[in-house]
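The next part holds the structures, each set out as structure tokens.
Below, chain A partners chain B and then partners chain C, in two separate complexes.
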Partner chain A sequence: MPYTEPVESANGRIREVTVGAGESSVAIGGAAALPFHWFDGEAPRRPMIAMEVFDATPAEWAPALTGALGDVMSDPATWARANVEQHGADMVCVQLASTDPNGADATPQDAAAVVRAVADAVRVPVVVYGCGNAERDADVLKKVAETVTDTVLAIGPATEDNYKAVTAAALGYGHVVVAETPIDVNMAKQLNILITQMGLDADRIIVDPSTGAVGYGVEYGYTVMERLRLAALVQNDDMTQMPMICNLGKEVWRSKEARASEQDEPAWGDAAKRGVLWEATTAITLAVGGADVLVMRHPDAVAVVRKALSGLTA
Partner chain B sequence: MPRVQFIPEDVSILVEQGESLLRAAILADVRVRASCGGDGTCGKCRVIIEQGAVDARPSSKLSDSQVAQGYVLACLAEIHDDVVVRIAPESRSSALATKPASRVANTVLSAEDCAARVADDASGPAPIGKAVITLQPPDLSNNSSDLTRVRQAMRRQRGIANVAVPLPALRELPDAAREGDWTVTALLTQPTESDAWIAGFQPGDTSSRQLAIAVDIGTTTVEVALVDLVTGAVLGQAAEYNRQTSRGEDVITRIILASTEQGLSELQSLAADTIAELVETLCARAGVATHDIMCYVAAGNTVMTHLFFGVTPRHIRAAPYIPAASEFPYAHARDLSLPGGPATQLLALPCPASWLGGDIVAGVLASGIPWRDELTLLIDIGTNGEIVLGNKDWLVACSCSAGPAFEGGGILHGMRAAAGAIEQVRIDPDTLEPTIMTIGGVKPLGICGSGLIDCVSELFLAGALARNGKFAEADSSASIRHGERGPEYVLVLAEESGTGADIVVTEPDVENLIRAKAAIFAGISVLLECTDVAFEEIAEVAVAGGFGHYLDLERITVLGMVPELDREKFVFIGNSSLLGARHVASSRRMLAMAKSVSEKMTYIELSVNAGFMESFVSASFLPHTDARLFPETERLLKRLREARRVLKR
Partner chain C sequence: MALTGLDIFKQLPKTNCGDCGVPTCLAFAMKLAQGGAELSQCPHVSEEAAAALSDAAAPPMRAVTVGTGDAAFTVGEETVLFRHDKTFVHPCAIGPRIDSGTSDDEIAAAVATTKAAAFERVQQHLACGFAAVRSTADAARFAAVAADVAEKSGLPLVLMAEDPEHMSAALDAVGPSRPLIHAATEANAEAMIALASEHSCPLAVRASGLDAVAALTEKAAAAGLKELVIDSAPESAAAALRDHVFARRAALKQKFAPLGYPVITFPGDHADGDPMLETVYAAVDVAKYGSIIVLSGAEPWRMLPLLVLRQNVYTDPQRPMRAEAKVYEIGAPGPDSPFLVTTNFSLTYFIVSSEIEASKIPAYLGVVDAEGLSVLTAWAAGKFVPERIAKFVNDSAIAENVSHHDIIIPGAVAQISGELAEELEAWNVLVGPYEAADIPAFLKARAG
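Our next item is the complex of A and B:
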């Protein structure tokens, strides 16, 4: 008797969420199988890589990063262009870190101007992350949403504390919401329910399940993502069927292992390679966990991850 | 029972003799306005008696011509016969029905109904009672001692071969025997067939006076029943906050306090004082002497039981979480500063595990589980939600920390279920105007557990609360405003409250309730998962807790506190801990069953159960994160959403 490979077909499917404008728009998600289980069911695309730009020149970054990125860091639009044209980013992720009221306290208008400039500079979709202060993000993302209306942005993070304002902005100006919850299957699901009950279609939500870098709890994040995927595909639970985004660059590059110099930690080896490997390993782990969008920082890490993803999808 | 028919709604309901007409309307879910809690002062609950008659007190809120037309205030009208009632147009609140079509009234079991479930075991000799014996008078030819005569009489007249007589009793014997002309009443403790001892002697036959005190020692509330052991009648029942709450609301705080000798003795006295005052009040009210109290039977969680006996619960708190005892020795009430005679005994129901106490063993007895073949789920709603699943062959139990919200604790305007507590709430889904009913029909002082449950589920059904328990935007309604603690719902305005201040429900109050209900539901989920039992396999759900009659099944289901099962499967049994303690006080066989239950029960420790936290977060949502578990509630919510959309247009 000939051997037939067993196929575990899914009962559900990940939604396709479209971001960007016109011809340069991109769909994410859409899989009907577990990550890279292309032998079990349809897996229409590999995870996208969204490369970060910051709204102001970041201070105290590791030399491994600043050395690789160079002068572009002083201008978000130039930085974004370099990400796409030189490093092949599928998307750009604008981090509006300077809007933090406890930091540089940039205004919503300043933030909107940065996003406008980035959206004009590149022909790929743009993800916009606020500073993480729920109240400020609500104001900033509203301003961004109403300023940039010629492309579908993914705006976030919408949390339990500010989802109403962020969702209203997305509803009003046709954007997609990034819904962030603290590494918990049920809380992710609850936020999706709350957002969809405000009238936003389920295919305009991307879930940010929160994550840690390798060595900082990535396993926990991984299992939560895996369970969200199992609920979506096996149980056909429609409030878990949103694509997932992992905002991992900031997690990796604040770890001591990625940042420490060779002088401080001589036993840890080449600092430049170490940070890149830390980011690439984290990103590949999360891709295997089910990430549909990887938010990344170092161009060399992006190159490594892209190669690994092509290998996995072959 | 008289029947009240409301027209034109055409809803009928049977009520107790003397029940207020306003309560009847609330129970029937007929919408009528009322903001003073049934005090007769707001004058909003005007109804017209169409047929029959009610016993209505006059009100200045009604004109002579209205009275002539048959108007009464529903809260001032007592029902004694069948009546047909129309709600006056100005008193009618929205017609939008917020209840499922298939509404079934709560099945509330009376103590007699519960007793019927435990067959003959509820009657029979009490473990502690009086035995009248006639001693053979001595003479010169029969010169055996008084005590030998007692032993002979016990053997011949009571069939007890070995009876212990400790020193205090022996000291009473010579005088009692002669004073009673060789008839004495022995204060006999006989917990099993073979064990017996005499705690004291009284001259003559005093057997007509035998009282017992059943005590439910809750973390938050203490409830006491005075039982006549001769007739089995309950002479009175009363509850009060456990005075220990002044030293900390939760058990952990109290364990910490009790780790010093002084703290332990303080907590012991506070519990004893709470009980003593209740007992003295009850005895005075019933016209009986505390001297005739034969025994106290206490049921409490393990920590409360330790504290009550003055035994340190310190080692329960830290790994490996070991209690001092599961079964506590018989004690003299006097030694614990409780009212009674010199021989008054005290016993406690066994506590099978550190977090599974005598209260739940009592609850299992009261619900009749050990006599039944079918699977019963017992949910005891208190500071700790205790859940038991099983039948006469097996029992599993868990305990989940629900917090004091169900007893009004940790709630801004929360209070115990006592006179003046808002215990029922209906909310007009259009205007969000509340209709409230208080315990005792007096001016509202605060809100108790059932009132909070009503209020939150009504707000949720009215669309004023989102699924995460946050208030929707304060837009269309004057009832939701921004207070010092964020958004709040105004239940009673200052001018109508008994406190002179507004009574409100805040967002933190709602969060507390959601956490409490989620703990209960998660506990249920874990028990069912551990035993691989499906919801449908449960034949009966017995809901216990000091809520009285007005914990509404529909509303706890809407909140997602209990699974959505056939309504007929639910029965309400009131304070099951107290009822179980009463059973034990009056029957030796019930005491034996309590021990058997305690030994049989398998305890599932939720703190080390990986699934509990998961279930808890999942249940911390209204009604639940998994909408598929609550199809009927989801259908109701959808219908209401659509109705509101139509109304808005």
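Our next item is the complex of A and C:
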């Protein structure tokens, strides 16, 4: 019996979203095939890796992580430069964790100054995540958007509770919106509709479908992303054709499996390798699910995932 | 090509006798069409009809069982490309490769590592599924190492050799344990097929590209072998993914029988000797259609993420995993430690317990049987309600373990606190945070 290659070409295509400034701007998305299905159709680029910096020195991080990052963590601009120059980050993701009103309660002005410093320190695009408090994020992201206008930022998370303010800020200052919904195909689509109805171009939205780490619900994010990709490519549903971003570093490094020392969990083996692999296996699973941008933390995880992304791209 | 349920129905006796275990011939035909039944279950089907239906009656992807007894594993019989369509059927088996040319000490150490890579998670035992032994010395050594590894590991074997004489020697030693023979190639196919027939063992075929693989499986099938595994010897990780996707599509969508077999993968072939990169490629194989994944080693730091990922990917998306309902001790709690309750949805349990752990405040966590639902869903479905929680508390020994009577419930079900206080008269019901992420701050504030 003769074998015919079962190639399946797509009916739709993922949008291209451009972030960054001038010559250092970067396009993400753009594929007309499922992730790494280069044999089915055009897949112009591999997923990008955005390495995290925090607006204040993180406390209580795993030793495997702080040891690998070194003493850059007290200064976001230095940290961002190390991410790009030493670790080859495609982008930098500023996590404005200290703006949390229940935490350090840093002001929108403080946050904007951090983003300004990071954007000045690197020549790669910058993603900005607020603390996750919808009300505070609206204020913070507005200030960030109006302060840093010489590059296209990706700002978020815009949620159903604050998308109007975040979208208005992006519209006013030429930025891209990261639209976050809780692991649900229809809610992701609905938020895209609401944001575009405010007048933002559909190719200025990146979807954050929410995710968990391996062992903490990675399969939910993975499956929602696969379904969104199939809707985009097979059904040509234009409100699902946005590139996707996975904010996975914080999920991974919260897990016991990534953090526990070998003394605490002798049966789990070498803590440094285990932590790196927890992040790397989570990242690659989400990339296979459909992530176009992976927000990552550990330099060694970034290095091994970058090799794998290249290896999977023909 | 695939037949529809109606095509099949036309060939059946249409007596609705129910002898096949399905009430009507039409329902049986529908099951056949979906690969959920075998034509042989109908005792009355005519020979002509059986011949006409044989294509449709064969499952689109064969089952392959490696090993015997409790340690045996079965792969194959997959019915979908995406896990949201239908649960993946047989979790892939993952195990290490051990070379016969290495020293006895190294082999003993590799076997010990393999056995030690075993973990309990959500009431499932996660462990290596097999040990692969590769011939890198002479035939007698291969046979001796295979026998040794089989005995010491207790695991099914994958025997890897290209020389049929080596394979024959090893099969003489361990043949009755049904190892997987890897591999029949274009150069040795006749001899390997004969060995697989003689020893009734599953056989992997290895050739460059799916075309060549299909030619080999047809040859093996013509010789009467049914349990085959395919290896397309991909030259890169990108080619491996392509071959896995094409083989699965060819089997399920084109009903192309020569590729309707599970796939064996060697992610280390594309990793330049880097075990971290190998593990990341193995994660891709877990998600995308690897059924037997052979690694260069089974150290716990890589087996844990891979086995947990496998558990995640192969979970029924419609039926969430459940944690065992009981009182968990987190840290080393004492009589003054806080007592919290939540539901037994595995994700809820994992997230709440890891947040408590992150707080560094030892605590008791009561995981109530809420039929595997998350807190809000369980409350809405009447599965995480005061009567259930009270019964759980009263049935447990928690009252004897703590000197206080404070029970902390999730903030998402704050509305049940009054009713729960009535059910649990001896207890003070406290409302904890809405989000698990706020548990550390909550516990620290309480601890003052």
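The definition used in the following text is that the second predicted complex is superposed on the first by the 310 of 314 C-alpha atoms of A that agree within 3 Å, B and C clash if a C-alpha of one lies under 4 Å from a C-alpha of the other, contacts with A are read in each partner's own complex, and residues count from 1 in each chain.
Convention: a residue touches a chain if its C-beta (ideal position, glycine included) is under 8 Å from a C-beta of that chain, and two chains touch if they have at least 3 such contacts.
Here the structure is a predicted model, which is why all the values come from computation and not from measurement.
By the touch criterion defined above, A:36 lies against chain C but remains apart from chain B after alignment on the C-alpha atoms of chain A. Of the two partner chains, chain B is the only one touched by A:190; chain C is not. By the touch criterion defined above, A:160 lies against chain B but remains apart from chain C after alignment on the C-alpha atoms of chain A. When the two complexes are overlaid on their common chain A, residue A:98 makes contact with neither chain B nor chain C.
Of the two partner chains placed by superposition, A:241 touches none, neither chain B nor chain C. In the superposed model, A:181 lies in contact with neither chain B nor chain C. Counted by residues of chain A touched, the larger count belongs to C, out of chain B and chain C.
The touching residues of chain A, when paired with chain B in their complex, are 160, 164, 184-187, 189-190, 193-194, 197, 237, 239.
Within the complex formed with chain C, the chain A residues making contact are 1, 3-6, 8, 36-39, 60, 102, 212, 214-220, 222-223, 226-227, 230, 254-257, 267-271, 273-274, 276-278, 280-281, 284-285, 288-289, 300, 304-305, 307-308, 311-314. The part of chain B that touches chain A in the complex is made up of residues 466-468, 473, 614, 617-618, 620-621, 625-627.
Note for the complex: chain C touches chain A at residues 82-84, 116, 118-119, 121, 210-211, 214, 218, 236-239, 241-242, 245-246, 249-250, 253-254, 256-259, 270, 274, 276-277, 279-281, 283-284, 286-288, 299-302, 304-306, 308-309, 311-313, 315, 317, 347, 350-351, 353-355, 357-358, 438, 441.
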